[in-house]
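Presented sequentially are two complexes of chain A, the first with chain B as partner and the second with chain C.
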Partner chain A sequence: MQSKLKKNKWPLIFTGTNMILFFLFFFLPAILGFYYSLTDYKGYSTANFIGFENYTELFQDPSFYKAMLRTFRYAITLVPIVYVSSLAIALLLNSNYAKGKVLGKIIIFLPWTISGIIAGVIWKWLFGEHFGFINYIISVAGGEAVPWFTNANAAFAVIIMAAVWGGTAFNMLQFSNALKNIPASLYEAAEMDGANSSQKFWNITLPAIKPTSFMVILLASIGSMKEFALVQSLTDGGPGTDNVFIVQYIYQTGFEKMRVGYASAASMVLFAILLILGLIQMKIGGNKGE
Partner chain B sequence: MNKKTYNISKLHDKTSTVLLTTALIIIALLYLFPLVWFVLSSFKPGSELFAYPLSVLPRNPTAGNYSDAWNSLDFPRLFGNTLISSVVTTFLTIIASATCGYAFAKYDQKWLSFFFVCIIATTMLPTEVIMNPVFIVIRKLGLYDSLAGIIIPSINTATGIFMFRTFFVSIPDDLVESARMDGASDGRIFFNIMLPIAKPVILTLSIFSFQWRWNDYIWPLIVLNNPKNYTIQVALRSLVGAENINWTILIASSVVSIIPLLLVFIVFQRYITDSNATSGLKG
Partner chain C sequence: MKKKLLLSSIMTISLFTLAGCGNSGGNSSDQVTLYVSGDVTEGNAYSKMAEKYEEETGVHVEVTDIPYADLTTKISTAVQSNDAPDVARVSGVVPDWSEYLMDLSDVAEESKTIESMTIRDEEGNVKALPTDVTAVGMFINTDLFDEAGVAYPMSEDEIWTWDEFLADIEEVMEKTDARFGFVMDASDHRLRAFTYQFGGKDFFLNEDETSYTTDDETISALEKFYELNNNGVMPKSVWTAGEDAASMFKSGQIPAYISGSWQIKDFSENIDFNWKAVYMPFEDVRATNMGGNFMVGFENSSNSEGGKAFIEWLYQPENYTELATYAGYLPALEDVAVNYEGGQEAYDIYTQEIAATDEISGKQTSDQVTKTMRGYTGLTGSYRDSVVQYLNDEIDIDTVIENTIKDYNEGYLEK
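Then we have the complex of A and B:
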């Protein structure tokens, strides 16, 4: 007993802080969240157990479906665009031919320093319906000004553009590191066999960066499922409630309408989706901690 | 290789250089333009901000928007709050992640593997999903509406722990064993030998942690109530969410809020854009 304690003393000291924090701000809230999802808790007074009523209501609530579908649509639209643009830029910055790569990399990284809130403000300013630069250019070119924020799909498009702008740097960095690790001998051998650039890309580069690709796709999917700050400052879910994403829905029901139990049920649905995404990641991509 | 094909490949190289460099310039301009337009707008007087035809450069540049912004937001306090929470969280994150990552790398106990799986689980369940119950925990602990309420829950980061674990796994166990032979306690070994050699990881994680916390929005939004405790992001959001946006003040305030991280970026640019240690990082 004594020696067991002695053997565990230092590992316990070293991991103690994280264990307490994990328990208080992760494990306990996760259990609490599941419990609240079965109650009518409002954040004050008592929580009455109501079984799966919240879930039944949730699955009949059109605004929940709308938020969920909008979020899926966001993830499905954003992830491929982010994937292609980050990979293309990483390839460009890794090529021997392009000049000014250092400066280019710094510029493409600038949005990384900017918070979701400010990114939203910047794009809102750029796309302003009556004063924005984009509509000005469109009108100078003889086009009709686009109602960027009163049309749900146009507003959605602006959110996507802002998200690509903000999300490229991180993903590009992942691809850059992966590209640097591909042995040059592979390309030399392919060249001897007379392979052209596109053959080299499809047969060498893409297979070699497969693990990174999975990581980027899954992190980007998880990230887009929980988008909040950017949307809140860019459109505030508008026009109307057309672009309310799921985290904003949880925030509104839980903190503005004070329906903690109901919001917790929505959280559990989001949790289930993220869990599935995470399990796919572990299954395909392996344990990234290794 | 005969002379003719050599010439063709030379020509091919030149075309590639021109094409790819042009592509890079266009992409860089696309990424730079929103920010440049925004910063230039901050120097336009209110009357010019919405006056058609728009011009890229301010016709009568003024710093007036900045003094208006300075007068309408309490920047010293907002920056103070944001800086305190970012720096303190980053410092505590480094200490906690380094010790925990070290334990995962160098001790072989069953419960450690179990806890490691728990930490992996946190990457799958982001705080956004459990914000309602976490809020209740924070209130019960008496952390509501205080900077401690945004600092303490943010210390535990799986990414930080993974980074240190990966680093310490690569350090030979012999180093630990021989120090133990010399009679050093595990605590001393960690603080005198291990922590100093982990400097590159400390630096990378510090930069990233500072960026996550400076730009953090959802936590401060939920935890803080009194405007005296607001961080810069929450204060700016109140300007964006206003019925009638005051663009002159909003743009200038936003530019001011970007400056601290921009400075960090300029100083540590090569650690941010080049480090291999950053693979797998996420806020």
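Then we have the complex of A and C:
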């Protein structure tokens, strides 16, 4: 036994350290979050145990459902757009006929380096309803200024555009690497059989990048369900509360209204939804060994 | 040997780490810890006063600037872990600290702090002194008014009624390239000044003290506010979608801006058109709304005596005047007059505005701090949120009233 321990000393030290860190910084906060969701904790003072009261109130709160529905709508709209735009740009930059690929990659990748808050501020300047660049161009061209931020759907569209702008880069890079790994012999054989570009894309490219597609869709779905910084800085959830997403709702109830227990309950619901979402996607798209 | 060396190294590191976790600030009598949360100007003002204090007394004041959003939590944690700062400049007081706050009654009495802004506990002891007074007020772009040939009040005899003001800014909009008539910060504090001016008392406790309520004048004012946001006199996006009111005014295309005294210093340095602070319009009564920040000292800190001595020194008229000059504060002491480095004329207008205002101004701010200190939950911002939803046509005026009263009752009537 002792010699076995001695033999496995280093693996034990390394995995043990990881386990401790996981327990301290992931598992413990998660348990603490769940505990707070069963209390009336305000962020200060003592936390009184109130059972599932927060959950009962949450499921009767129309604002919670409104935020949740808006978040689902955001994820359902954003993920396909990001998927298509990232893949299209990756294909373009991977094409043998494309010039200036490196420069193209750098330009497309730049938004990824900018934080959501800053991206929100930039897009706010661009689409500012009264003093924004886009409305200025529209008015110079003789058009009527668009109420970008006082119309709920227009504001939603601006959030989507900004999110696509910010989210395309990383996914494009994933696709770019996946495309490089497709054996050229597959395309050569298809060409010999007389396949056209469209047939090559649907029958070789798409199936070959399936694992990457799965990962991109999964990460984009989770990311969009957790969107906060961009919408906070771009529209503050407005106009009114029409574009308050679920994480912003959690932030507002937890930190602005000082209802940490209630916000923790909402966080736990979001956690459950993300878990289910991940499991469903793994069931549908994740094959063993990928 | 190697093992011993390793063990002794680990123990030494642990010892240093544990020492670092302890009470790191203000643990000697020649040091006072001060927590502040302010912008660069205010932070610098306190640092300068700290330097002066050290020169005079030899006691070092360690000024720690903490982000506004974190200050309350930071102090709560520090108080609970027996590591409270000696002195803190705060915007409110939470029940967690109230029993640890030192009695500052003698300082309040001697320095004559403004009574309506001085926070007392149930026994009447002063637990927080006002550091500064802020007041809601109006700024105008005089270039736009002059270009349109429209006059603005230069003395208290010429103050606009709201109808006169709205007619005048319509004229400015017609004759210049002004985009809107006026803007107002998206804040219930600013909105309260507006409802007061229309003769309302905003939201207040009913006679038998069983519930908060409001009055017809406040409701009319809120309906007027809705109308102004929807008829193009005000840009609706400021309240409903968080567009920055100050930036809009600074763009030079808005004739008037309802904000507050804290903007004077910034405007004096950063606006390149001609502007003025003017008397606000009134409908029934003249009113502003006062707010401010507070100075507290902790009895359980490591150098509470030193903290008290520093507060006493800071509230001596000469030193307080210096602080107010550096920070651009409207004074919170009755007998202090300040010569500001810039924007003197604007400060004078604000001072007169406060002097002439209805007595309700400032009461709600100090009531909120006092009640929160006494263990009530406090407001959750439903008033502003509901008005935003009302302007966005999500709810009607009755729901605004209902939500706000519910929030006041839960915050200040139920423990």
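Convention: the second predicted complex is superposed on the first by the 263 of 290 C-alpha atoms of A that agree within 3 Å, B and C clash if a C-alpha of one lies under 4 Å from a C-alpha of the other, contacts with A are read in each partner's own complex, and residues count from 1 in each chain.
One rule holds in what follows: a residue touches a chain if its C-beta (ideal position, glycine included) is under 8 Å from a C-beta of that chain, and two chains touch if they have at least 3 such contacts.
Everything quoted here is computed from the prediction, not taken from an experiment.
Participant: Quick check on the superposed pair: does A:Pro111 touch chain B, chain C, both, or neither? Answer first, second, both or neither.
Facilitator: first
Participant: For A:Ile160, select first, second, both or neither according to whether it touches chain B, chain C, the two together, or no partner.
Facilitator: neither
Participant: So, A:Glu256: does it touch chain B (first), chain C (second), both, or neither?
Facilitator: Second partner only.
Participant: Contacts for A:Asp236 in the overlay, against chain B (first) and chain C (second): which applies, first, second, both or neither?
Facilitator: both
Participant: Contact-wise, after the overlay, does A:Glu129 reach chain B, chain C, both or neither (first, second, both, neither)?
Facilitator: It touches chain C, and chain B stays clear.
Participant: So in the superposed three-chain picture, is A:Gly43 touching just chain B, just chain C, both, or none of them (first/second/both/neither)?
Facilitator: Touch status of A:Gly43: both partners.
Participant: Contact-wise, after the overlay, does A:Thr150 reach chain B, chain C, both or neither (first, second, both, neither)?
Facilitator: Second partner only, chain C.
Participant: More chain A residues touched by chain B or by chain C?
Facilitator: After superposition, B is the partner touching more of chain A.
Participant: With the touch criterion stated at the top, can you tell me which chain A residues are shared between the chain B interface and the chain C interface?
Facilitator: Shared contact residues on chain A (touching chain B in one complex, chain C in the other): 43, 130-131, 236, 255.
Participant: Looking at the complex, which residues from chain A come into contact with chain C?
Facilitator: It comes out as residues 42-45, 128-131, 147, 149-150, 155, 235-236, 238-242, 255-259.
Participant: What part of chain C is in contact with chain A in the complex they form?
Facilitator: Chain C residues touching chain A: 69, 72-73, 76, 94-96, 179-180, 235-237, 240-243, 247-248, 251, 253, 377-378, 380-381, 385, 388-389, 391-394.
Participant: Spell out the residues on chain B that touch chain A in their complex, using ranges where they run on.
Facilitator: 13, 16-17, 19-21, 23-25, 27-28, 31-32, 34-35, 37-38, 41, 49-50, 52-54, 95-97, 99-100, 102-104, 107, 109, 111-112, 115-116, 118-137, 141, 152-153, 155-156, 161-162, 165-166, 186-187, 190, 211, 214-215, 217-218, 222, 233, 236-237, 240-241, 247, 250-251, 254, 257-258, 261-262, 264-265, 269, 272-273, 276, 278-282
Participant: Name, in rising order, each residue of chain A that touches chain B in their complex.
Facilitator: By the definition above, chain A touches chain B via 7-11, 13-15, 17-19, 21-22, 24-30, 32-33, 36, 43, 89, 92-93, 95, 97-101, 103-118, 120-126, 130-131, 133, 136, 140, 165, 168, 170, 173-174, 177-178, 180, 212, 215, 219, 222-223, 226, 228-229, 232-233, 236, 247, 250-251, 254-255, 260, 263-264, 267, 270-271, 274-275, 277-279, 287-289.
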